[in-house]
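Going in written order, the chains are labelled A, B, C and D, and every chain counts its residues from 1.
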Amino acid sequence: MHNCQFRVYYEDTDAGGVVYYANYLKFAERARTEYLRDVGINQSELAEKDGILFVVRHVSLDLKKPARLDDMLSINTNVEKIAGASIIMRQEISCGQIDLAHLSVKIACVDTNMRPARLSDNVKSKLV
Amino acid sequence: MHNCQFRVYYEDTDAGGVVYYANYLKFAERARTEYLRDVGINQSELAEKDGILFVVRHVSLDLKKPARLDDMLSINTNVEKIAGASIIMRQEISCGQIDLAHLSVKIACVDTNMRPARLSDNVKSKLV
Amino acid sequence: MHNCQFRVYYEDTDAGGVVYYANYLKFAERARTEYLRDVGINQSELAEKDGILFVVRHVSLDLKKPARLDDMLSINTNVEKIAGASIIMRQEISCGQIDLAHLSVKIACVDTNMRPARLSDNVKSKLV
Amino acid sequence: MHNCQFRVYYEDTDAGGVVYYANYLKFAERARTEYLRDVGINQSELAEKDGILFVVRHVSLDLKKPARLDDMLSINTNVEKIAGASIIMRQEISCGQIDLAHLSVKIACVDTNMRPARLSDNVKSKLV
């Protein structure tokens, strides 16, 4: 399991006094990017050398409690499933002991023409 | 069914050349707000007079094709289900004949202490 | 003078209950894009055919009064000055009779290597 | 001089392949918030106890070079001037040896009715 932390700033909040719902997807993507960086998958390199891109196909977002200004969010990221041309990641966002949001994100592997592409064994081995 | 349209500007796109995935949730919320305004539900008034707020509890987002800079997005919004203290809305985002994204959004009705609150008959009657 | 209008949604506000300061730059850019579209300057076409891009070099932003949720913002856009390879635009954002923000934006004309490029007579004639 | 660093993620970029111009104001505000936190000024506390808010009145933004995806931005923040009811901060954003953007931000101190309020000696002493 991979963990990283991000602070909530004014830009993330809305007039309801809490984090705007779409912004949980921003925090989640920062966490996935850091996860991939940490396991040695460089998305820019993958695109240039192998012509392989990761694109989000499906997001399921459960909002349990609202995050607020100045909160330090902790995000856990797990690879739940690896298929031939897609990955499902599970992410949990919390603040201290409080469970705030859960996400399930399906990411497809595509070539530069946006057609499904198989994940290479090299990439797969880093994700397991 | 309610429809409204929004243009894609630079702010909505990312370095992949397409609309950033979290921003579909922004377009969807603009559309839900316009829907509520059109059926005569004023969220600020509801909050002040009745102490009732709508909060998003769950989002399911399917991304089919990417939207791009300058696209005029068309968003259809339907109330799929009304329960005692929640509403499920279904939204479809397209550009011309191209189907881009589908969302299902569960919205809870809460009081100012964030406890579940029943939808009034007046509000319900406007949503049907 | 060119005018266009945009509604303030939750995404534009912050926990202070007003429009987040950076978002005035988003509204201003939407207005400049609509201005260019209306005078017949297609930025994508300019980039593809002539290899010419517009990039913002300087912004001066004066914030007079805060905009709030549901406000309908009115934005006036004027070309203040056209030089060989740059344009200065002046923009005013208001809501009803209330003056909210003023911007002065310097836009440079560059080629695909980001070197200054002269504005063509055709483009200049549309801006005057 | 205060320094902090922030990574550029997809959310910060636009279809031009670079950081969207309004987002430099987001990075700058994160840096000002961290600066205030580090010198012991808690904005939420200031608001609750003293009824004092900081609001941005003017921003001058110079864009020198574009930041790109994955760049680690370094932001220097200095208090340039302290007046009775306002502060001017100067901020410089760079990546490695490359100077990207300069900002000058005038922040006013106001009471809860948005009228100018004097900075307390306690707050002033922390800013010098």
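One rule holds for everything that comes next: contacts are C-beta pairs under 8 Å (C-beta built on N, C-alpha and C of every residue); 3 or more make two chains touch, one makes a residue touch a chain.
All of these numbers come straight from a predicted model, not from anything done at the bench.
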Comparison of A-C and A-B (more C-beta pairs in contact): A-B
Residue-number overlap at the chain A/chain D interface, same or different (half cut): same
Whole-Å separation of chain centres (CA-atom averages), chain A against chain C: 33
Averaged-CA centre spacing for the pair chain D and chain A, given as whole angstrom: 28
Centroid spacing, where centroids are CA-atom means, of chain A and chain B in whole angstrom: 23
For chain D, residues contacting two or more additional chains: 10-11, 16, 22, 26, 29, 69
Residues of chain A touching chain D in the complex: 7, 9-11, 26, 29-30, 33, 44, 69-70
Chain B residues within the chain D interface of the complex: 10-11, 13-18, 20, 22, 68-69
Chain D - residues contacting chain C, complex: 16, 21-23, 25-26, 29, 53, 55-63, 66
